[in-house]
Each structure stands twice: as C-alpha cells, then as structure tokens.
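Each of the next two complexes has chain A plus one other chain: chain B in the first, chain C in the second.
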Partner chain A sequence: MTGEYYVCTGCALLCDDIEVETEDRKLSKVHAACLKGVARMKGCSDPLECTVDGEKADIDSAITKAAAILRNAKNPLIFGHGNSSSEAQKISIGLAKKTGAYIDDTSSFCQGPIVEAILQDKLRTCTLDDVRHKADVIIFWGADPSNSHPRHLSRYSYFPRGKERQRGWEEDRTAITIDIRKSSTAKICRDTRFYQIPMSADAEFMDAIVSGLSGKIPKTSFDFDKKRILELANVMKKAKFGVICVGLGLVYSLEELEPLFKLMEKLNEVSNFYLIPMVGQYNMRGFNQNLFAETGFINRVKFNSETGNANHGAENSVVEALKNKSVDAALIIGSDPLSSLPLSVARYLTEIPLITIDPCQNLTATRSTVTIPCALGGVEAGGTAVRMDGVEIELKKIVESDNLSDKEILTRIMEAI
Partner chain B sequence: MANVMEIYQLLPKTNCKECGKTTCMAFAVDLLGRKVKVDDCPPLVNEAKYKANYETLLEMFGSVKDVTETGLIVHNEKCIGCGNCVVACPVNVANDPFGAGSGKAPTSDKVIFKVEDGVVKARNVQECRRFGENKILCVACIDTCPTKAIEFV
Partner chain C sequence: MGFGQFLAAPEIKLKIVTYRDVFQNTAQESSRFGEEYEKLSAVIKLDLKDISKLTIKEGDTVIVKNGFGKVVVKAQKSGYEEAHPGIAYMVNSPWSNVLVPDETGGSGVPKFKNFEVTVQGAKGEKVTGIRAL
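And now, the complex of A and B:
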C-alpha cells in the first residue's frame, strides 16, 4: 500500500479514503472501495482504440478529423460530461460556444430538475459531512443507495458515528425508505420503516405527509394506512436534522416539483429538513454547476454561433434535439447514448458524423466516425469533480497512461477548429 | 442456511451410529457446526434410497468453503463491498473509532472487517463478540448486510 489516499470515481459519492496497490501501470488492489468503484478504478477490460472511419489512426489525425467534423457542422451536439473532470467540462462548454452547439448531459433525463432547484436556492441542501455528523432522520425516497451508491449508508447516512451522533445507527438514527418496491435499502431499514407506495403516487403521498404534519387526517386514493402516515409525519416532525435523499424514482414520478417544494416548506416550518440529490455519474453535478456559472442554466443549452448567446429550453435537450433531427454532428464524451437512450431516439446518431471520447469501448464508439481514447478520470488523469452534495473534490492521478486526458483532447480539438 | 431440524429431516434418522455419533440428531448438529462432513454418514453415501437427500445436503454444504475458525463465512459472490458491516461492527468501532467507526476506511489493524477489491475480508475473528468467554449473540454485520453475504455457522 502507498499510504496515500485517492478518490474513487465510481459514483458521485467520490469516496476519498481509497488506498491502492499498483503494478505495471495498473491498479492491482483497491482498498475500501465498493465493487462498483473497484470495477471502474481497475480500468476497462476492452479499451477504446484511436480510429478514423473505422480504421486505426494516430491521435493527431483523429483530432484533426474531429475538429473538421465540428467545424463543418451547423448544429453539432456535445453530450456526455458526467464522467469528465470539471476542467474538461469547462473546455467543452467553450467548444460548444465556439461551434454554436447544443450542449447537454445526462442530467437532462436524470437529476436535472432537483439540481436546478438547489442551485436556484429553491430547495434547502446540506453536505454529506453534515449528514454524517448531525442527521438523525434519513429518508431514501425513490432511491436504493445499497445498489446505486453502495457506500452511501456506511460512509455518511446511516451507520457511521458523527460528532452529534455518537451512539451509532441503532439509537441515534432513523432511516426510512419510501419506494414502490422493497429494495435492498428498504430491507436494511426494516419493514416498520419502509413505506411501499404505488407507482406515480409520490406527489399524492407528499400531500398526505403535509396533511399529517398539519395535524389533519392524511387521505390517499390508494388507501394507505393513515396511522402509518401519521407515524411518519411524527418522526419527521421530531427530527433535529432530517435529510431527504432524492432518487431517480422520485424525479421520474413527479411531473413538476411543486409537491416537493410544498413538502420541504412544511417540513421546515415544523422541523429542520434538508435535501440531497442521489446523483449517479461522478461529475454530473460539476457539469451542472459549471454550465450554470457560465450561462445561468444547468443543461439543455444551444449556443448561438455568432453571438455566443445561450438559449435554454426543452427543445435543446439531447432527447428532443435527436428526435427532431436538428443536429448534424455529435461529440460524445464519456457516455454511451446508444445504450442509455431509447433506440428510437438514439438511432439518429448513427446517421450523422459521430465523435466518441472515452477510455473504454462502448456501443456508441462502434458506430462512431472518430474514436479517441482518453485517460481514465481519477486514475490516469487528475482534476477536480463535484460530489453529489456540491462539495468540490480534488482527483489525483494514480498511474501513468499513454492516453491524453479528455481535457487535453478537447483543448487540442478547440485549437484545431 | 438451513436449521438443524431441516438437516435432520434429510438424514437417514436410523440412529445407526456408523458415523460414531450417538444419534442422527447429534450428527445434524455437528454438520451444522461444520465439525463433520456430509460424507461422514456412510448410509447416506452408500444407500440408493438416500441419494436425493445426499445431493441436497451436498448442495447445502458444498458451496461453503472458507469457514473461519470461529464459523464466520463471507460469501464473496454476494458481497458488494458496501462496507456496512465494517462500520456497524461494534468491535471495529471500539478498535478504530475515527476510521471504520466514522465511516472511513479502517486505519487500524485490529478491525475484524475490511474491504479489499470490493469484497469484505474477515480477519482477527477471535475478537468477534460472538466468541470467547463472554460471548453474546451480536448480529450487527448480518443485519446490516443488504445482500446477506455474511453468515455464522
């Protein structure tokens, strides 16, 4: 062991207590990281090759070709960013501005609305360290961190001892799961602390909790046990430091955030509650913050190539832009839209010139005109990233790599345009 | 894992004493405690009528290999390395309050659980509260495991 701590980039928890053993420019052993983090940090089993038109090429010609594609495109799309360092994201935003591109990331069909509300100060948030030291009531709503963020419960939210929570989870903390199915996290929270609700009933359940908090009888159309809702409202009311961890289940279920705002407002009238989005990719929140600082919007932006003004709207999201076929080239950084988006939407990507920058081979890369391998963020390249709660974390380089970092690749593409 | 009665039901129940134990129930108890092997029961191995039961028992005990001397088993294929047991284990908390007890990577060599390559590894098992003179039935690591990867036999 090196005795030095590194940061895991497996998810947006960015655990910074990872020790590693290295051998021949690869990580041979990773200590303390979960299986998800180990899989990412040990690198890809199938690395991406540098290609142009399906033929092996050197990095210079790949960059020249990529720059030519972006230069000739009227409305290119730049998508990905969740697995890039903040520095690379900033250059990517500059590149979008220069080429008049659509720029978006996975938050546009993920935690976007919640992060936006937090950045606009519409929702009260705290850091994960606050959660560890102070939180006594933790609610996982539509989230299953035991699978999505394996170390969430052990590092911050439930099991650890903190400054004001010295007696551990059994006496000092109450974890509650609200979900449509009995997830792994729900099993840990036990049956009495698990609230199973029907699909898309989250808004109604929130209203019922608000009624419970206001001393009214909570009614639901799906006839949920009123006593249990009152019991939940009571636990929330008595919380000294409550936190709601918002998962994708809740984001997808809510058509608008109004019920959540109402719940948080009521909770903060009678109690003390905060909210943290369960961001997936390690630097998705970083992209949201960087774009917000630059344009005032967190995602779904189209730059005007002449004036450099940013237009924001649902029509500029990656899904709508591809559906309307309004893009004529695409640059994908550290993402695999052909796998993650519905094929009916993503299929259009195969009809236009496509550039992929990624450490590993993926489906999108197999259909790309240009593929450029980059160094693995947090392992082969350093930088900064923003954790799910908005705290900036410094990533250190662990091993050397022949590949350039995504930041360097984007800088060179920018220079070549 | 099956309980002793379920194991007993799968044995011949003849109390033939060929295994050296007084009764089949005694054999079942020892089998559960990993003191004897399924193959130590001669009628079960040799007689055709017990074949189905023999195979069921082999399946039950065949997959369990690395049992520590105190009977703690970590099923590597189930563990996801979440570290819940590392942080919840009272011995880990007592021995390493600012590392494992506070949710961080263990900083002491005295901890029982430690995550390596995404899978929890048990060490210093003699420190476990389930063993020794003042043993108690602690279930901190079992209860907090989301995949039920830890077991005591």
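And now, the complex of A and C:
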C-alpha cells in the first residue's frame, strides 16, 4: 500500500479514505471502497480507442477532426460533465461559449431542480460531515443509497459514531425510508420506519406530514394509516438535527418543488431540518456550480457565439434539443447518452457528427465520428470535484497514463478551433 | 413442436418503475458490453400474479414493448413481500431506456420511473443484445 489516502470517483460521495496498491500503472487492490468504487478505480476492461471515422487514429488527428466538427457546426451540443474534473468543466463552458453551443449535464433530467434550489438558497442544506456528527433523524425519500451510494449509511448517515452521536444507529439515530417499494435501504430501516406510498403520491404525503406537524389530522386519498403519519411527524418534530436525503424517486414524482418547500418550511418552524440531494455522478454538482458561477444557471444553457450571452430554458435541455433536432453536432464528455437517455430521444445523435471523450468504450462511442480516450479522473488524472453536499474535494493522480486528461483534450480542441 | 407453439402468448399491460442496483452498476463499470452487465440489466421483475397471467416460468424471456420500442428480457420474480400486480420493475439501463417515452411536455425530463408497456412470453426468443438495441 502507498500509505496515502485517495478519493473514489465512483459516485458523488467522493469517499476520501481509499488506500490502493498499484502494479504496472494499474490499481491491483483498492481498499475501503464499495463494490462499485473498486470497479471504477480499477478501470474498465474495454478502454476507448482513439479513432476518426471508425479507423484508429493518433491523438493529433482526432483533436483536429473534433475541432473541425465543432467549428463547422452552427448549433453544437456539449453534454456530459458529471464524470469530469471541475477544471475540465470550466474549459468545456469556455468551449461552449466560443462555439455558441448548447451545454448541459445529467442534472437536466435528474437532481437539477434540487441543486438549483439549494444554490438559490431556497432549501436549507448541510454537509455530510454535519450528518455524521449531528444527525439523529435521517429520511431517505425516494432514495436507495444501499444501491446508489453504498457507503452513505456506513460513512455518514446511520451507522457511524459522530461527535454528538456516540451511540450510532443503535440508540442515537433513527433512519426512515419513504418509497414506493421496499428497497434495500428500507429493509435496514425496518418495517416500523418504512413508509410505503403509492406511485406519484409524494406531494400528497408531504402535505399530510405538514398537517401532522400542524396538529391537524393527516388525510390522504390513499387512506394511509393516520396514526403512522402522526408518529412520523412526531419523530420529525423531536429531531435535534434532521436531514432529508432526496433521491430520484422523489425528484421524478414532484411536478413542482412547492410541496417540498412547504414541508421544509414547516419542519424548520417546529424542528431543525436540512436536505441533501443524492447526486449520482461524482462531479455533477461541480458542473452545476461552475456553470452557475459563469452564467447564473446550473444547466440547460445555449450560448450566443457572437455576444457570449447565455440563454437558459427547458428548450435548451439535452432532451428537448435532441427531440427538436436543433443541434447539428455533439461533443459528449464522460457520459453515454445512448445508454442513459430514452433511446427515442438519443437516437438523433447517430444522425449528426459526434465526438466522445471517455476512458471507456460505450454505446455512444460506437456511433461516434471521433473517439478520444481520456485519463480516468481520480486515478490517472488529478483535479477537483464537488461532493453531493457542495464540499470541494481534491483528486490526486495515482498512476501514470498514456491518455491525456479530459481537461488537456478540451484545451487542445479549444486551441485548434 | 407442441400445440402451445400455435397459441398466441397472453399479453398484459404493466406500469414500469426503474431502479438502481449496485451489482448491475458495478458490472457497468467493468464493461457495458460484458455478459454480466447484460445478465443484470436485461431483466424485468414481476409480481407472481402477473407471471401466472403470462403463463411463463421465472427465467423465461418476455417481449416488453410500447410505442417507443421493444426489447426481449428475462422475467424474474420481484421478491417483494407486498404484492404489486400491474407494476413491474426494471433496473435503469439501455434496455429500460428503449421503452422510456420521449414525452416530456416540454419539461426536458422524461418519465424514467413511470411508464406503460405490454408484456408477453417470448417463447424462447433470446434476450436482445446491447448492440442490437
């Protein structure tokens, strides 16, 4: 072992207690990370090759071709960023400005509204370290960290001893899951702390909790046991430090955030509650913060190439831009939209010049005009990233790689335009 | 060839909820084109009543389709204690994304966790490979 701690980039928990053993510029052992983190840090078995028009190419030709594609496009799309360092993201934003591109990331169709509300001070948030040291009531709402963020419960939210929570989960913490199915996390919370609600009923359940917190009888159209809602309201009311971990189940169920704002407002009238979005990709929040600092918007931006002005709106989201076929070329960084978007939306990418920058082969890369392999963030390249709770974390390079970092690749494309 | 070959397999309408699975996600990190990723992704988890309505056994392949696409995946029992007829679960993957509607009402957010499909036994047809999606 190297005697040093490294950061895992498997998800936005950015666990910073990872020890590794190396052999021939690869990680032979990864200690302390979860299953998914170990797989991420050890690297994939099918690395991306540098290609132009399906033929093997050198990096210089690939960069020249990528620059030509972006230069010749009237409305290019730059998408991905969740698996890129903040430094690469900033170059990408500059590239979008220079080329008059649409720029977006996965937050556009997942945690975006929550991160935006936090950055606009509309939702009260805290750090994961606060959760570890202080939280006594932890609510996983539409979230299943046992699968999405496997070390969330053991490092921060439920099992650990914290400064003010020396008796950990046995006595000091109450974990609650609100979900439409009995997830792996719900099993940990046990039956009495699992609230199974119907699909799309989250807003109504929030209103019922607000009623309970206001001393009224909580009613739901699905006849949820009123006593259980009152019990839940009571646990929330008595919390010294409560936190709601917002998962995609909740985000997708809410048509607007108003019910969540109302719940948080009421909770903070009668108790002390915070909220953390369960961000998936390791630096999605970094992209949101970097774009916010530059434009005042967290995602869904289209730059005007002449004025540099940023236009924001749903029509500039990756999904609507592809659906409306308003883009004429695309650069994808650290993402695989042909896997992660509805195929009926993403299929249009196969009709336009496409560039993929990624350490690994993926579906989008198989349909790309240009593919450029990059160094794996946090293993073969350093930089900074922003954890799901907004804390900036430094990534160290562990081993050398023949591949350039995504920041270097984007810089060279920018210079070649 | 049995007589069953000539009968149309029963077709049922289901709502799909997608979810995350750490083992499938780990397989994705290793290789999106590997057997393990397909094995853990190309799956639909059904309620026992729906399995009997389809007249299939666990492990049989089924055709899952709607107006947006069609995939052949393996049927599994969901294993949830609570019955959930009419609702099936698919892990978030390129297979489920073939079926996610493009309808967004202009919001930019597809309904990844709530969409309708029809399901019927595939009579031994092979699982759709990732490159054939």
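To be clear about the criterion, the second predicted complex is superposed on the first by the 417 of 417 C-alpha atoms of A that agree within 3 Å, B and C clash if a C-alpha of one lies under 4 Å from a C-alpha of the other, contacts with A are read in each partner's own complex, and residues count from 1 in each chain.
Following the convention adopted for this analysis, a residue touches a chain if its C-beta (ideal position, glycine included) is under 8 Å from a C-beta of that chain, and two chains touch if they have at least 3 such contacts.
All of these numbers come straight from a predicted model, not from anything done at the bench.
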item: Clash or fit (per the criteria above) of chain B with chain C on chain A; value: fit
item: Chain B versus chain C as contact partner of A:Met199, first or second or both or neither; value: second
item: Which superposed partner A:Asn72 touches (first chain B, second chain C, both, neither); value: neither
item: First (chain B), second (chain C), both or neither touched by A:Ser146; value: both
item: Which superposed partner A:Cys34 touches (first chain B, second chain C, both, neither); value: both
item: First (chain B), second (chain C), both or neither touched by A:Arg132; value: first
item: Touched partner set for A:Asn234, first chain B, second chain C, both or neither; value: neither
item: Partner chain in contact with A:Gly168 - chain B first, chain C second, else both or neither; value: first
item: Which of chain B and chain C A:Glu19 touches, first, second, both or neither; value: first
item: Partner chain in contact with A:Tyr156 - chain B first, chain C second, else both or neither; value: first
item: If touched residues of chain A are counted for chain B and for chain C, the larger one; value: C
item: Nearest-approach distance, in Å, of chain C Cα atoms to those of chain B in the combined model; value: 7
item: Chain B/chain C common contact set on chain A; value: 34-36, 38-39, 146-147, 150
item: Residues of chain C defined as touching chain A within the complex; value: 15, 17, 19-23, 25-27, 29-34, 68-69, 80-82, 84, 87, 89, 93-94, 97-98, 100-102, 104, 106-114, 130-131, 133
item: Of all residues in chain A, those that touch chain C in their complex; value: 10, 34-36, 38-40, 44-46, 108-109, 144, 146-148, 150, 180-183, 196, 199-200, 248-249, 252-253, 300, 314-315, 317-320, 323, 336, 338-346, 360-363, 366
item: Complex contact set, residues of chain A against chain B; value: 5, 17-19, 29-39, 132, 146-147, 150-151, 153-156, 159-162, 168-169, 184-185, 187-188
item: Complex contact set, residues of chain B against chain A; value: 79-84, 86-88, 93, 97, 101-106, 114-119, 143-144, 146-147
